[in-house]
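In the two complexes that follow, subunit A is the common piece, with subunit B as its partner first and subunit C second.
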Partner chain A sequence: MLTNYLKLAIKVLLRRKFFTFVSFFGVCFTLTVLIVATAMLDHEFSAHYPELKLDRMVGVHRARMSGPTNSRDAAAGYRVIERTVRKLEGAERITVFQLHEQVAAYQDGRKLTLWLKHADGEFWRVFDFDFVEGAPYSQVDEERAGFVAVINESTRRALFGGASALGKSIEVDGQRFRITGVVRDVPFTRIRPFSDVWVPISTMKSASYREEMIGSFMAVVLAKQKGDIPALRRQFDELVRAMPLPDPVRFTRYETALETPFESLARTMELPSPNALRGIFLLFAVLFMTLPAINLVNLNLSRILERSSEIGVRRAFGATRATLIGQFVVENVVLTLIGGVLALGLSAITLSLINGSGLIPYAQFTINFRIFLWGFVIALAFGLFSGVYPAWRMSRMSPVNALKGNA
Partner chain B sequence: MTRHLLKLLWNRKRMNALIVAEICCSFLVLFSVGAGLVYIANNVRQPIGFTHQNVWNVAIGMGQESDDEFTKQQLGDFERALREAKSIPFVEYAGGSMTPPFSIGGSNGNWKLNGRYVKLSFDDVTDGFRDVLGLELLEGRWFEPSDDAQSWRPVVVDRDAARTLFPDGSAVGKSIPVSDTLEHRIVGVVREYRKNGELAGNDNFVLMRVNFVKANTRPPRNILVKVKPGTTAADEQALLARLRAVVPEWSFELRTLEQLRAQQRKLQLLPIVIGSIIAGFLVLMVTLGLTGVMWQNVTRRTREIGLRRALGATGSDVHRQILVEILIVASFGLALGIALVLQVPVLGIIDIPAAVLVPAIVLAILAILGLVALCGLYPSLLASRVEPAEALHYE
Partner chain C sequence: MIELSNVTKTYRTDKIETLALQNLNLSVGAGELVAVMGPSGCGKSTLLNLVGLLDSPSSGHISLEGERVNGQGDRYLSRLRNEKLGFIFQSFHLVSDLRVVDNVEIPLLYRAMSSKERRKAALEALERVGLSSRTGHFPGQLSGGQQQRVAIARAIVGKPKILLADEPTGNLDSQMGDEVMSILESLNDEGSTVVMVTHDARLAQKTDRVVRLFDGRQVD
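Up next is the complex of A and B:
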C-alpha cells in the first residue's frame, strides 16, 4: 500500500515541474534555516570538543547577591567558590576558572588581541583538550604561581608561524609566560573552556580576587556518574545557604546554583524552568514555519483539480476519507523528507560558510548524527503541519463532482 | 464590475483566505526588515557629535566585576594613571570615561521626571573628555577644576536629553533627580552625543563629572587619549608600559576607537543582514508560490474566461481582471497586516517612532503590491491569450 502511495506521489511530483520546483524550494529553504539554527544550538549546549563528558558536568556560572536596596548580578566571586564548590564531597574532579577576557599581546613590535583565561591545573583534567604539542600545566604550577601558559593553534601560528612554541615565551598584558603546550582551537560557542591563552589563576596581578563574593569566576564539577548530580546539587545549595555574607545589612541573599549551561541561560532570562526556554525555541520554530507552511498548503490545494479524477475514482470504488487523508499526508511527508535530505546538504554548506567567515571565533559547526535526527524530526513536523489541511480538503470532494472534474 | 469581482472572489473564499493569510505574513516579514533598514537609514544621516580619529581607548581591569564599589585608593590611582598618560609627548589630550564611545553595553535607566518616565544614558567622565572627543558645546559651560569644590555634581547633557528633560526652556542650571544622595545639576549642553555611532539611535545622554578631590564618585574604567597622527604599535606598547608602571596591579587593554567602531558596526549590522537574507528567501518563495497558485487558478477558470471573451471582452480586459482580482485579495491581506503592525505601538510593546513606522509600512505595502503584480504577470498573460472557441470546448 505504502509503495503505491509512494509511486503515486513521485508521479504527481514529476507531472508539473514548476510546482514541484517551487514546493521543494520552499521546503529546502525552511528546513535549512531550522537545521542550521539547530546545529548552532547543539554546538552551544551538547557535548562537543573539549567538553566531552558534558553529561557528568554541572557548574556555577552566574550569581546574584541582593539586599533591600542593592543587587549585584554577575559571575561568582572566588571566595564563594572556595567556600562552596571546593567543599563538595564525592565529586570526581573540580575545576575553577575565570571568564575569558580580551588582552593585548605584543610580539616583535606587532600587536595581537587575544582572549586570556585564568584557570587552575584541574581544568586540563576536567575538559578533554587535544594537545597538538607539549602538555598542560599542573595544579603545582597553580599553587606556586608558575608563569606558564597553554596556547591554541591559531595563536601559535600568529606568534611563531609554523614553528614549535614549546619553551618559548609570550607576553600578555605586560606579563611573561613560558609556553608548556599547544591545544587544538576551541570554538567560541564553548564558553567555559574557550580562550586563546590559558594561565594559572595565581598569576593574576592582584590577589584581591580572593575576597570577592561576586566576580568573574566559574567552576565546573565533574561527577563520578550522572546519578550523583542531584546529591551534589543538594550539597551545594546547603553550603550556599550556610555561607555568611560579609555585609549582612546591605546584602541579605546570595543566589547561585550548580547547573548546566542551558539551565543557567533559562535562569538568566528569568524563566521559571529550562522547559520554558525549550518552549520558546519551539515557538520560534513554529512561527518561522508558518509562512512557508501556508505557501505549501496553497500550492497543494491548487493541485486538487489536477487530481480530481483520481480522487473521484478512488472514492467511487469505496476508499474511505481516512484512507485518502492518509495517502495525501504521506505524499506531503515524502515531499518534505526529500526536501529535508537536500536541506541537510545545504545546511552543511551554510555551516561551513559560517565557520569560514570568522564571525564566531574558531567555529566548528558540523552536521552530526544528532542533528541529522533533529532534521528528520523537523522535516516530519513540517510535512504534517503543511499536509493535514490540504489532505482533509481533498478528501472532502464529493465523488460525483470529482469525477466531473470540478473542484 | 467591482461587485462582480468581489462575488467571484467570495466564491473561492477558502482559497483566497489562505492567500490573504500568506500576504499578511509576508507583509509582517517585510515590515520588520523594512523597519530595521529605515531606522538605520534615518540614523546614518545624523552627525554623531564627536570625532573618533586618532583616539585610543585603554580599558582598565581593576580585578573586580562591579563598577559601583570603589575605594579612595582606586580613584587616586586612576587620577595618577590619567596624569601619566597626559604627560606622554605623542598624547594631545587624555580623559576618563566609564562607557567610552563604541563600547558594548552602557549605563542607562528610566527616571521619573515631572511625572513621566524618561530614558537616560549615563557616562562618568573627567574634565579632559571633551577635548579628546572634540565635543561641541552649545550652551552653558564644560566642567572646570573649580567644580571640585561644589556641593553638587555638575553634569553636561546632550541636546536631545536637554529637549526631552526640559522642553520649555534652557536646561542649564536645572537639576535632575537621578540620585538620592547627590544633587546633579546641569552646567552645559553639547551637541547630540551618540556613543554607539552612526547606526544606532539617539540616546538622551548625561555626562557626569568625576570628582577626584572629594572622591565621592566612582572611578571611570577607561582612559581615552587623543594622539598625534602617525603613531605605531610601539607607541601603544610604550603607553601601556608607563601605565603599568603607575598601577602594577591593574590590567590595561588598548584598542583604537577605529577598531572598537569596526567591531561594533559588525555587531549592529549582523542581525539586519541575516534578517534581510532570510526575508529575501521567504519573499522569493512566496512569489514563486503565488505564481504557481495563480497559474493553476487561470487554468482552472479557462471556461469562465472563454465565456467572457466570447461575450466581447478583449484580451486586455481579461488581463486586467486577473490582476485586479489578486490585488484586491492582496489588499485584504495588507489591511490585516497593517492592523496587526499598528497594535505594536498602540499596545506599547515596542515604542516605534512615526519616522520609522510610516516609511516601513509604506515600503512594505509597495513591495507586496509590486510582488503580487509580478506574480500575476505570467498567469494573466496566459488568461488573455485564451481563445474563446477552444475554451468553451475545453474539458
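Up next is the complex of A and C:
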C-alpha cells in the first residue's frame, strides 16, 4: 500500500511542476533556515572541539552585583572566582580564564589584530585542544608568570607562513611571549576556549584584576562524573552566599551560578528556567514554519479539485476516511522529506559558505548525525503540520460529490 | 440480496429542497441482472449511490444480504463497499497517474493482502476482461472501451457479490458498448448480482428485469 501511495505521491508532484516547484522551494527554504539555525545552536551548546567533556562541565559565566542604587552586570571578578570556584571540593579540575579581548600584535614590522585570552595552566587539561605542534604551558608557568604562549594555526600561518612556530616569540599587546605550542583553530562560537593567542593570567600587566568582584573572568569546573554536578552547584551557592561584599552599603547582593552556557543564556535573558529558553526556540521554529506551512496547505487544498475523482474512487472501493487521511499525510510527508533531503544539502552548502566567509572566526559548522536527526524531525513535523488539515478536508468529501468532481 | 424499503432521498441547499427519490421499495435477488431506466434527473444515479452506500437515504431502510446498513459508521460502510460491492462508472474514473494494473489493485489496498497476492488477483481480473497485454499501460494510452474494461476489472478484482454499473456504456460506441455488456452478462452468469443504470433500451432488453423511475418514483 505504501509503495502505491509513494508512486502516486511522486506522480502527483510531477503532474503540476510549477506548483511542485513552489512547494519545494517553500519547504526547502524553511527547512534550510531551520537546519542552519539548529546546526549553529548545536555548535554553540553541544559538545564540540575543544569542549568534548561538556556533559561534565559547569562554569561561572556571568555575575551581577547590586544594591539599592547600583548594579553591575558582567563576567565575574577574579576575586570572586578565587573565593568560590577555587574552593570547591570534589571537582576533577578547575580552570580560570579571562574573556578574549582584541589586541594588537607585531611581527617583523607588521601589525596584526588578534584575540588574546589569559588562562591558567589547568585550562589545557580541562579542554581537549588538538596540538598540531608543541605543548601547552603548565600551571608552573602560571605560578611563575612565565611569558609563554600557545597560538592557533591561523595565527601561526599569519606570523610564520608554513614554518614551525615553536620557540619563536610573538609580541602581543606590548609584551613578548615565547611560543610553546600551536593548536587547531577554535571557533568563535566556543566562547570559553576561543582565542588566537593564550597566555598565563599572571602575565597580565596589572595585578588589579585580583581585587575585582565583577570583571572579565570565567571559570569552568570539570566534575569527576555528571552526577556530581548538583552537589558542586550547592557547594558553590553556599560559598557565594558566605562571601563578604567589599562595599555593603552600595552593594548588598551578589548573584552568580555554576551553570552550563545554555543555562547561563537563559539567566541572562531573565527567563525563569532553561526550559523557557527551549520553549522560545521551539516557538520560533513553529512560527517560522507557519507561513510556508499555510502556503503548502493552500497548495494542497487546491489539489483537492484535481484529485476528487481519485478520492471518490478510493472511497467507493473501501477506503475509510482515516485511510485517506493516512494516504494524504504520507504523500505530504514524502514531499517534505524529499524537501528535507534537499534542504540538508543546501544547509551543508550554506554552512560551508558561512565557515568560509570569515563572518564568524574559525566557524566549523557541520551537519553531523545529530543535526541530520533534527533535520528529519523538523521535516517530519513540517510535513504533518502542513498535511493533516488538507488530508482531513479531503477525507470529509462526500464520495458522490468527489466522483462528480464537486470538491 | 438488496432490499430498499420506503426509501426517500431529499437534497437540501439553503434555498431549494429537491426530492430525488420518494418512498421507493425495491428488492433485487441474488444473481439478478437488473436495469434501471428513466429520463435524466429521475433519480437513477441517486438510487445506485444509495445501494452502493456512497450516500445515505433521508428516510427508509436499505439492507444488503440481510444486513441493515442505515446509520452505520464510516468504517463499517467502507468494509461493506470493499467486500460486497463493485462499481463501474460511466466516465471510468481511472486514476490517470497509475498504471492499469495499479488501478485494478486499488480495492485490494484496503484488505489485508500481500502485494504479491494483490498483483496476482489484479492480473487475473485483467485477463478476465481480455486486457492482459495492457497491464503496464496508463489509462490515457487506452481506448474508451479498454478503459471501461479496466474499470470492470477493478470492480471485480475483489470478487464482490454485487456489481453496480452507472451507465457503463454511456461513453462508448455501440460496438464497445456491446463488448462491455457481454462482459457484464457473463459476470452475471457466473453468479454476480448486477444493477445497471442505462438509457439504452437495447441493453436493457438483455437484463432480467427493468426498473423504471420517473420523478423519483418507481413507475413499473
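We take it that the second predicted complex is superposed on the first by the 407 of 407 C-alpha atoms of A that agree within 3 Å, B and C clash if a C-alpha of one lies under 4 Å from a C-alpha of the other, contacts with A are read in each partner's own complex, and residues count from 1 in each chain.
Note that in this section a residue touches a chain if its C-beta (ideal position, glycine included) is under 8 Å from a C-beta of that chain, and two chains touch if they have at least 3 such contacts.
The structure displayed is predicted, hence computed values, not measured ones.
Touch test for A:193: subunit B only (first), subunit C only (second), both, or neither?
Once the two structures are laid over each other on A, A:193 reaches no partner at all.
Using the touch definition from the top, say if A:181 reaches subunit B (first), subunit C (second), both or neither.
In the superposition, A:181 contacts neither subunit B nor subunit C.
So, A:317: does it touch subunit B (first), subunit C (second), both, or neither?
Second partner only, subunit C.
With both structures placed on chain A, which of the two partners, subunit B or subunit C, ends up touching more residues of subunit A?
Comparing subunit B with subunit C, the partner touching more subunit A residues is B.
For A:215, using the defined touch cut-off, is the partner it touches subunit B, subunit C, both, or neither? Pick first, second, both or neither.
In the superposition, A:215 touches subunit B alone.
Check whether A:400 is in contact with subunit B, with subunit C, with both or with neither, and answer first, second, both or neither.
After superposing on A, A:400 lies in contact with subunit C but is clear of subunit B.
Is A:15 touching anything from subunit B or subunit C once the two structures are fitted on A? First, second, both or neither.
second
Which partner does A:3 contact after superposing on A: first (subunit B), second (subunit C), both, neither?
A:3: touches subunit C, not subunit B.
Who does A:295 touch here: subunit B (first), subunit C (second), both, or neither?
Only subunit B is touched by A:295; subunit C is not.
Just to be sure I read the superposition right, which of the two partners does A:309 touch: subunit B = first, subunit C = second, or both, or neither?
A:309 sits against subunit C, while subunit B stays out of touch.
Which subunit A residues are contacted by subunit C in one complex and by subunit B in the other?
On subunit A, the subunit B and subunit C contacts do not overlap at all.
Using the touch definition up top, name the residues of subunit B that touch subunit A in the complex.
It is residues 14-15, 18-19, 21-22, 25-26, 29, 61, 63-66, 68, 232-234, 236-237, 240-241, 244, 248-255, 270, 278, 281-282, 284-286, 288-293, 295-297, 299-300, 395 of subunit B that touch subunit A.
Provide the residue numbers of subunit C that touch subunit A in the complex, in ascending order.
Per the touch definition, subunit C meets subunit A at residues 49, 52, 54-55, 74-75, 78-79, 81-83, 85, 87, 89, 93-95, 97-98, 102, 105-107, 109-111, 115, 154, 158.
Over in the complex, which subunit A residues touch subunit B? Could you list them?
18-19, 21-22, 25-26, 29, 33, 72, 74-75, 77, 101-104, 106, 109-111, 113, 173-174, 204-206, 208-209, 212, 214-216, 290-292, 294-299, 301-303, 305-306, 359, 393, 405, 407
Residues of subunit A touching subunit C in their complex?
1, 3-4, 7-8, 11-12, 15, 309-310, 312-323, 398-400, 403
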